[in-house]
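Next come two complexes built around subunit A: one with subunit B, the other with subunit C.
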Partner chain A sequence: MYCELANKLVVEAKRTEQLNSRNNARTTLPVHNDELVRDILNEVTQLKKNLEFFKEQQDIMSMDGASVDSNVMKCQYFVNLLCLERNKRCLLGYQKLRSDMLDSMAWENNGMDVMGSDLGEENSNLTHQEQEYLKKYSELITDMKSGELTDIDLSGSLTPPREIFIDVRVLKDAGEIQTEYGVFNLIKDSQFFVRQSDVERLIQQGFLQKI
Partner chain B sequence: MSLPRRLQETFSPEEVQFIVENQKIKIFPRITTSKRRSGNGSHSSNSDDDMSRWRMLTMDGHELENMIVMKSTEVTLWLALLLKQQSKCNIIIPEWLTVKGLDLMLQYEKRNIQRFSALPWDWLVVSEILFKQAADDFNDPIYELRNRIQDLKEIRQMKVLQGLKNLNESHMQLDNLGLLEINELRPFIVEVMDKLRQIHASVLDTTETEPQDYDDDKDIGMGTSISSNRDTSSSGLPNAMSF
Partner chain C sequence: MGYYDIDDMLTEGSEIPCKFLQDIPGLGYLENNPGKPIKANAKLMLPYWLAHILAAIDNIPLSEDSMTVDDEEEPVPFLEMSTPESFSQRVINAIKTDPKSLDLHSINPHFYELAIKWCAIYSVKDLAKVVSELLLQRSQDINNFAYSMSTQTKNIDSIGTMSNITESKPNNLLASSSFLMTLDELEKYVYRTSHESYKNSKRWMYQNK
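Take a look at the complex of A and B:
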């Protein structure tokens, strides 16, 4: 059937969206469905060939001077065009969802504290173009952050501050990481009473657990 | 996007609390920060120097500068809570958060089925915060206050549910509904009203015979199913629906 493949793609996008809306954990992007996209593109080229064929035929018939039933021709054009449009819409929708998720990933956990570190484990699921896009987008974000006069951490925690000092428990890391406001010796399973603003980044990275 | 989806259309409860914490509240300070003009003897100049050295700087207001022990002043709630944590002040409980005040409200709620009582817009959050952090400042026993707050919450919740039957595409009136209550209703109501509005608009598009406005009685030429539905939903109440 016409445009059935595109429907599959949309269903898959829907599934991805639902998976990520339920749990508030990190967004995970499934593998880019190259095969399906390629099939859709094949269909699109096929449709385009059809259109060209119709055009040729119309030219020939009008040259012959035969009375062409132009309404039928127009209808064929129209249906083909609609199919093209639909495929385009589905492809764009799929890609938009993926790029939105990439954006949120870039905002959530890129460029916190350790600038310039890309998302390592996700990269395999992304196409080459998407990786490129993610890199450029992260650069844009860092540009914006450095442009600000105040040192606001725009990608920082979005929950409003409650207490200045909090208890944190070290979850997994050993070693001295923090160097911005003095050194902390973070040993696994130890607790600290620290300023929240100091450890916010470490909490976001999952080294510490707030109590 | 830069903002996670769950925050895009409504406030999170933490944000509601953050907004509420900018309200003013009265406290009894337990410390004196105002410079004493009439010092005694040689001691005064020395202490004045000390005082000026640790002037407290805040963005808003200078209440912090001239607090006198046990003389009530008005400060922002977050500051009051901060001082309270270090037991440097006592928070004065607002008038409505007493057994008497809450009883009045409860009576009003029970008498008027169509309306909400005039509690302050931040009543749920403030009572929550004060119960938690300033429990020793209440004159009335806390469990009674908690009971009443819970009763109020349930009664109002019930009225909200009743009022939801009257959802329509043009307007609704929610007098005296608290911020937290509105906040938890917002995604549902806005979405439903939006859909209703879309349906309504499409009906209007198909029958553009006469200029129609949102008055219920006038739109006769509408699609039957929808108009009948709306008629039943808004029966019994005047046009300006109040919960």
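Take a look at the complex of A and C:
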């Protein structure tokens, strides 16, 4: 029976969706199921061949003028076509879910270099095309932010700040940063009392941690 | 319900008992009999996405070349769908007896969505009524659980102000998790949403004290 593989793919997509709705901390993408997708694509090619064959047969039959049960012929045609459509829908659905997740990953990372260090291990879960897509999408975000909307921090946090000044702890060495209130030397495990808006970026990038 | 909706795809994957009304050559693989024709009156399970189109196909206007042939005979659909197991009398009776203790997930994880589709095709008003009543009954329970779960998590935060409640918690958790296992996907969604909103409103009230 056709389309059983596609079903498997959708079930997998569902599981991914569920996992991600549960831990709302960060989007994590499972490995792209190359093998299954390839098998489905093979099935699609097979279905296409079938369809071409049916079409030819029909042509021959109509040439002969013997239009024997063309309706019945159509049923085979339809079944194949529907399988084809179903496969297409499942594949697209799977890929759409993944690309949606990539989009949110790009936004979570503030349109920064998503391909950067801390996502390195996740990158192995992406296909080559997906990596390309993620890169392009991040570029788009960066473009949009540096365009007319420079004044608004589009990827900033949506929860309003409680205090102007916060305590932060340094997680990674980051060298010196310059603020209105002087220079801080960010050495690992040291603590500072700084203005939140100055260090927002560094928190998002994972250099600092709010206490 | 969009094209890319994963749940919709899974719903359409539900199998429906079908009966072929015409002999069709070359479709034997549908009943694990590849290469052979499928006979009229053959009964088999087909996924919804395949069956509902084939069952409705006589409504599709035939192309010109076949018009002349089919003029004299009444157009017959290729197959006929019979009521799926999920909506059989047995299940309907169970729903009517006790909607709340029913294990809907084991009947069909996409019960409601399939019911919507089914009712839309065959306009079965009885089924629609039963199903909407079912959701109404169960949503009260779902709401209760969503509410009690959110108050319990609150209790963990404000360290055991009511110790007797914290004691009974493991039981409650157990009961609710087995209850959650019986929900279908739509109900799970309802549960998650209401749970979230209870949690959020609690947090909001807590903050403003």
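Criterion: the second predicted complex is superposed on the first by the 183 of 211 C-alpha atoms of A that agree within 3 Å, B and C clash if a C-alpha of one lies under 4 Å from a C-alpha of the other, contacts with A are read in each partner's own complex, and residues count from 1 in each chain.
Convention: a residue touches a chain if its C-beta (ideal position, glycine included) is under 8 Å from a C-beta of that chain, and two chains touch if they have at least 3 such contacts.
Note that this is a predicted model, so its numbers are computed, not measured.
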item	value
Partner chain in contact with A:V72 - subunit B first, subunit C second, else both or neither	second
First, second, both or neither for A:L41, with subunit B first and subunit C second	neither
Broader residue contact with subunit A after superposition on the shared chain, subunit B or subunit C	C
Which of subunit B and subunit C A:G93 touches, first, second, both or neither	second
Subunit B versus subunit C as contact partner of A:L82, first or second or both or neither	second
Which superposed partner A:L19 touches (first subunit B, second subunit C, both, neither)	neither
Touched partner set for A:S104, first subunit B, second subunit C, both or neither	first
Partner chain(s) touched by A:L158 [first = subunit B, second = subunit C, both, neither]	first
Partner chain(s) touched by A:I60 [first = subunit B, second = subunit C, both, neither]	neither
Overlap of subunit C and subunit B interfaces on subunit A (superposed complexes)	21
Partner subunit C, residues of subunit A touching it in the complex	1, 3, 7, 10-11, 13-14, 17, 21, 62, 67, 70-72, 74-76, 78-79, 82-83, 86, 89-90, 92-93, 96-97
Residue ranges of subunit C touching subunit A (in the complex, touch as defined)	3-7, 9-10, 12-13, 22-27, 29-30, 32, 47, 49-50, 53-54, 57, 62, 65-66, 69-70, 78, 192
Of subunit B, residues touching subunit A in the complex	1-7, 12, 14-15, 17-18, 82
Complex interface listing, subunit A residues touching subunit B	21, 24, 100, 103-104, 107-108, 154-155, 158-160, 162, 164
